[in-house]
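Down below are the structures I want you to see.
Here come two complexes built around chain A, the first alongside chain B, the second alongside chain C.
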Partner chain A sequence: MALILDALVQFAQLLLVLSIAPLLTGYVRKVKAHLLRRRGPPVLQPYRDLLKLIRKEVVLAHNASWVFRVTPYIVFATTLIAAALVPTFATGLVFSPAADLIAIVALLGSARFFLALAGLDIGTSFGGIGSSREMMIASLAEPAMLMIVFTLSLLAGSTQLSTVSTFMQGPEVGLRVSLGMSLVALIMVAIAENARIPVDNPATHLELTMIHEAMILEYSGRHLAVIEAAAALKLLLYFSLISCMFAPWGLAIAGQGFGAFALGLGIYIAKLAVGGFMLAVFETAVAKMRVFRVSDFLGAALMLGLLAAMLLFVSRGA
Partner chain B sequence: MDRLALDVAHLFAGGLVLVSFMLLYQDRMFGLLNMFALHAFVVSLSVAWQAHIQLAPHLYITAGIALIVKAIIIPVALHRIIVRLGIHRTIETVGGIGQTMLAGIGLVALSIMVMLPITAQSGTLTREDLAFSLAVILLGLLMMISRRNAVSQIIGFMSIENGLILAATAARGMPLVVEISVAFSIIIALIVVGIFLFRIRERFDSVDVHALEQFRGGQP
Partner chain C sequence: MALTVLLSCIGVLLGTSVGAVAGVRRRQTTFFVYSVALVASATALVVACSVFVTDAGSVDTVQLPIGLPWLGAHFRLDSLGALFLVVVNLGSLSASLYGLGDGRHEQAPGRVLPFFPAFLAGMNLVVLADDAFTFLLTWEFMSLASWALVMAHHRHDDNAKAGYIYLLMASFGTLSLLFAFGLLAGADGGYGFDAIRMATPSSGVPAAVLALALVGAGSKAGLVPLHVWLPLAHPAAPSHVSALMSGVMTKVAVYGFVRIVFDLLGPPVWWWGVVVLTLGGITAVLGVLYALMEHDLKRLLAYHTVENIGIIFIGLGLTLAFQANDMRQAAALALTAALFHVFNHSLFKSLLFFGAGAVLTATGERDMERLGGLIHRMPLTAIAFLVGSVAISALPPFNGFVSEWLTFQAILLSPHLPQWLLKFLVPAVGAMLALSAALAAGCFVKAFGATFLGRPRTSVAQYAQETDAFSLTAMFVLGLLCLIAGILPGYFIDALAPVTQQLLGAQMPRQEHLKWLTIVPIAESRSSYNGLLLLILIAVAAWLAVQVIHRWASHAGRRSAAWDCGFPDASPITQYTAGSFAQPIRRVFGSFAFHAREEVDMPAPGQTRPARFHVNMRDLVWDALYAPAESVIGFAADWLNKVQFWTIRAYLSLVFGTVVVLLMVLTIWH
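After this line comes the complex of A and B, so read on.
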């Protein structure tokens, strides 16, 4: 019986992330438009875009191989699995013993690998540029992410996300400079991974410095819809990851009643709203960097991650 | 309570190492000065906290001197010198910024590896602060050798002094006379360095110390 309940909770979380991911994207766009004193598209616009794209026919290049055709589904599936592993409103997911934080990083990494392959597959110059830039970002962002994971798991004594977030809620966390550093590093990595503004511009197709959009330029129809959904899901995943590791207050513990779940859900939505607002303010306030500065930006994230792990070693050695 | 005291001390000392890295990351002159003011501010916070938990009121004076002299007077004075010299505002590094940061990480690892074993008998606070202060000193030295510009070398020198203050407070404080004389010697150093900067500038039209090398004689 308990197992069925846990499975239900897991399934509810899966449905939740799937259904509100486009809403989050629409919300961030809306806030950004308001900050620029524009009206902006309605919050539900991403859903309409997805529906419309699904109904359109797919236009394939003549020299597109099977890699190009399966990539959207692989990207979507791996991102969805990774998102299902992150606790949103309750800990103790059924899937979480099977996979930990390192597995989440690996899933996102394989999604990125296939996207870069698809960018190269058609043979257009834009796709190649996008893929090479994406790989440059990945070569710095993934080690930084792993250093953050190591820091947190050294502290919590486990790489399981549920354990980490339970530990972070507990009293023995204390005031640690390592946690602050890894939070900043994680935010920098999240900005780079989701192609947000200082690194890439999510709102345009027509810029020579674009990265993510350059890789998916050749996609159309339902393939594009699936990729867009995966991108929205990835943004939501990073929000959930940050909130469950660094602001885990209000997460329901598995086995509590329905009331706790409802409360956890409300708090989760509130966290998303606050996070999305902060992202929009940040994106409006900063200017986009040149591509060659991105390595400095991510190098700083990697440095912060390394330093966080090392300082932790000092306070542990004591 | 004791636990919280340690955590806060750890926070400030670790923050100082972080600000040392931010000094290495800066590539603008005024940004560097602001960072240095922050560095001195974090040192004074750290020393004041040590004064609080070690019940050593004379350390408050050390903190005050660090705050007034190094977080306010020296940055303002250097700011004026830079404006009057009219030097251009970007900093040239010897290697790239990325390589410098990697070297810095290596130095932090080195100081932790060296300091933790040899201070095994001391208290937790002393060990942490000694390790961090050695890291800050080494990072200051790295800054001095990796920058071509005389002003940023001065900043590196001053950040070494901040590291020394952290080490001194960790070792149960230092006598007030020593602290005051160190503060005065820092101010005198600033004055000498200021005059020196103007002399270099007059003679070579640049504060890039590279220009000095052709006067060394011997090989070109």
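After this line comes the complex of A and C, so read on.
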């Protein structure tokens, strides 16, 4: 019975992330537009874009191989599974023993690996520039992320995300320097991973500043729709990750009943609204940096993560 | 019984080696040699596996009346040996299979065929040796056989130099091991491993033995800074031999290190862990950075071997640190991670070298800047190479991820280590491990992308042909094993339990009866991973996405020219190359690690000469260590050269003077 309930919660979360991911993207765009004194497209515009894209024909370059055609689905599936493993409104996900935090980071790595390959598949200079820069960013963001994972799992004594968020809800956390540093590092990583300003600009179509957009430049039609959906999922995933690790209040514990689930869902939506607003404000307030400043930005994140982990190693008394 | 079968397999291999010399002019010899090697290594593999499965923990010994008259040749088969026999013979099996197909294109079969079975026999013998003399003899035999294979194409540009450096480093390594065993055996000279285990070394000896073992086995494995020969020698050999050298022989070196340090040397001291961890971390990061700067496909793979050896030594260093502090469970976890990575790396590295060899045979090119688009011409090789790339980049659900994940789990147990130095070092090493994993993914995007994707950059790439069925079978068998080890890691971890039991007296919890084949290193609340479930979930999600899209989306599609922001470039040289792919990473890490400097020579307005761009990179390890050594040796050689042209009077005075000095020394001594 408990297993069935857990499976139901798992399935509900899966559907939830799948359905509200484009909404979050639309919401952030809307807030940004308002901050810039524009009216902006409606919040539901990303859904319309996706629908429009899947009704359009696919134009493939002459020498596109199967890697190019398979990649959207691989990227989407790995991102979706990773997103389904992050608690949104309730812990106790039925699949969570399958992959801990390290595995979630690696799953996102798999998605990126294939996306970068697809960027190289056509053999154009823009695809290459995107792939190459994406891998440069990943080479710093991924270790930084793992350092954050180290810090949290040392504190919680577990790399399981459910256990970590239950621990962070508990009383014995307290304020710690390590936690502050890893929160800052995690936000920096999330900005870089989701191709947001100041690392990359999701709205750009100026060739030489593109990273993520350059990689997917050759995609069209349903392939592009799937990739866009995966990108929206990834943004939502990072929001869920930050909120379930650093702001786990209101997260329903498995088996608490529907009241707790409904409350958890409401609080989760509220957290997304606050987080999305903060992202929009941040993105409006800063300017995009040069590509080769990104390494300093992410290097700082890596160092913060490493310092946080080291502090914990040292403060665990002999 | 098992040991007798193994020794007869080795005997057959040695006999084949001699037979190949006799029949070198015949065409069928290639087929004969590789078939016999295939059967012999398959038999040895089955025997090693059966030992492992049925009566793990048992020990089998044989003494042959060859070698030193008062010692004889001792051979022993225990679980550690059996594990490495599995690695050796799995590699040999696939390399022989590959050789059956690719070996037909060999230009100089007479330089390869006699040495190939000898090399296989040498690696098997090292793992079985049970006394110092046999170990050193077979170690040197293995080195020389592989050296002969490196020199098979000695007329190619750099191969002679590669062979020379390899020979020097191999001799140097054996010399260190000779001293290590000398110290272990002590003044009484008990050279049997049993006698060495019984003996209690005097103070100072273990540290010296550790240093010598690190130099001796580390130089063969490719630990920085002793790695310089490896990226020269491994690619120079024929491809299936490169696979064996990189995938298997480096593992035999790891075996040597494990045998000496964990089995023969006695209980460790905590700072041994510091030394091994530091070397491992530096090796992992530097290895992958070197690989990123490399355009030669086979050399890139060789540098990745350096990286993976670093990862293995990180695991071994953690084991030493835990063992010294009597944290047996943690030590068992770290050792399992290291040994599992040994197995995994032998799989995917052999696979990748086979893929590179297939590309080399099809195009005659190792330079990635002259390849491209091969996925259309060699689709099956491309699939196999992609599987290997994903596995080596430590991406789930393949096997590379599992062993790195276990290493991370071991690192997360280390805050309980009492030593402060370790507390600072271990997270830093963890960051290095994470960095090397992320960089490896970038490197293999580059390698696969530049070689197989995009448009062909030369006509050889444009008209390449798919490789033969034998080579493809070898690659696909290894690729399948990579997947199986990735999704069912529990069985492999359980198989390693007798080895950790033998070396540490502890083992990881049994995994095979856990629900849904999940692996749980310590406790379920702490961490768990399930590759199979993850694979199924991803497959189902991807399948559903495809179904949904194909049900509702437009099916219209057409082929057209690339969009490329409206600047479709006609010539394939305008696409991104391996060098341009690595440029951002070179900017970030290269200025520090290689003193990389970019020089742009821009003509002044009005001048008609072309602009030039040049990157200067320096190998700091070579500059710091080998260049001075080279100049010292050169200086000494010059000086000694003068001695050779003295007059007879000068020689007589020298002899006289030496005698006087020696007599004076003797007098003072007494």
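Everything below uses one rule, namely that the second predicted complex is superposed on the first by the 316 of 318 C-alpha atoms of A that agree within 3 Å, B and C clash if a C-alpha of one lies under 4 Å from a C-alpha of the other, contacts with A are read in each partner's own complex, and residues count from 1 in each chain.
FYI, a residue touches a chain if its C-beta (ideal position, glycine included) is under 8 Å from a C-beta of that chain, and two chains touch if they have at least 3 such contacts.
Remember, predicted model here, so these are calculated numbers, not experimental data.
Q: Considering only the touch criterion stated at the top, classify A:Leu23 as touching first (chain B), second (chain C), both, or neither.
A: A:Leu23: touches no partner chain.
Q: Using the touch definition from the top, say if A:Phe313 reaches chain B (first), chain C (second), both or neither.
A: Touch partners of A:Phe313: chain B and chain C.
Q: Taking the superposition on A as described, I'd like to know which of chain B and chain C A:Tyr73 touches: first, second, both or neither.
A: Second partner only, chain C.
Q: Quick one: classify A:Ala300 as touching chain B (first), chain C (second), both or neither.
A: A:Ala300 sits against chain B, while chain C stays out of touch.
Q: Per the contact definition in the header, classify A:Glu218: touching chain B only (first), chain C only (second), both, or neither.
A: Once the two structures are laid over each other on A, A:Glu218 reaches chain C alone.
Q: Let me test your reading of the model: by the given contact rule, A:Arg176 touches which partner, first (chain B), second (chain C), both or neither?
A: Only chain B is touched by A:Arg176; chain C is not.
Q: With both complexes overlaid on chain A, does A:His62 touch chain B (first), chain C (second), both or neither?
A: A:His62: touches chain C, not chain B.
Q: Quick check on the superposed pair: does A:Phe113 touch chain B, chain C, both, or neither? Answer first, second, both or neither.
A: Touch status of A:Phe113: second partner only.
Q: Looking at chain A, which partner touches more of its residues: chain C or chain B?
A: The partner making contact with more of chain A's residues is C.
Q: List the residues of chain A that touch chain B in one complex and chain C in the other.
A: Residues 295, 299, 306, 310, 313-314, 318 of chain A touch both chain B and chain C.
Q: Using the touch definition from the top, list the residues of chain C that touch chain A in their complex.
A: Residues 372-373, 375-376, 386, 390, 393-396, 401, 405, 408-409, 411-412, 414-416, 418, 420, 423-424, 426-428, 430-431, 434-435, 437-439, 441-442, 444-446, 448-450, 453-455, 516, 518, 524-530, 533-534, 537-539, 541-542, 545-546, 549, 552-554, 556-565, 568-569, 572, 574-576, 580-585, 587-588 of chain C touch chain A in their complex.
Q: Which chain B residues qualify as touching chain A in the complex?
A: 3-4, 7-8, 10-11, 14-15, 17-18, 21, 25, 97-98, 101, 104-105, 108-109, 112, 116, 124, 127-128, 131-132
Q: Which part of chain A faces chain C closely enough to touch in the complex?
A: Residues 54-67, 73-74, 76-78, 80-81, 84, 95, 97-100, 102-103, 106-107, 109-110, 112-113, 116-117, 120-129, 131-133, 135-136, 138-143, 146-147, 150, 153-154, 157-160, 163, 207, 217-218, 220-222, 225-226, 291-292, 295, 299, 302, 305-306, 309-310, 312-314, 316, 318.
Q: Tell me, which parts of chain A touch chain B in their complex?
A: Where chain A meets chain B, its residues are 174-178, 181, 295-296, 299-300, 303-304, 306-307, 310-311, 313-315, 317-318.
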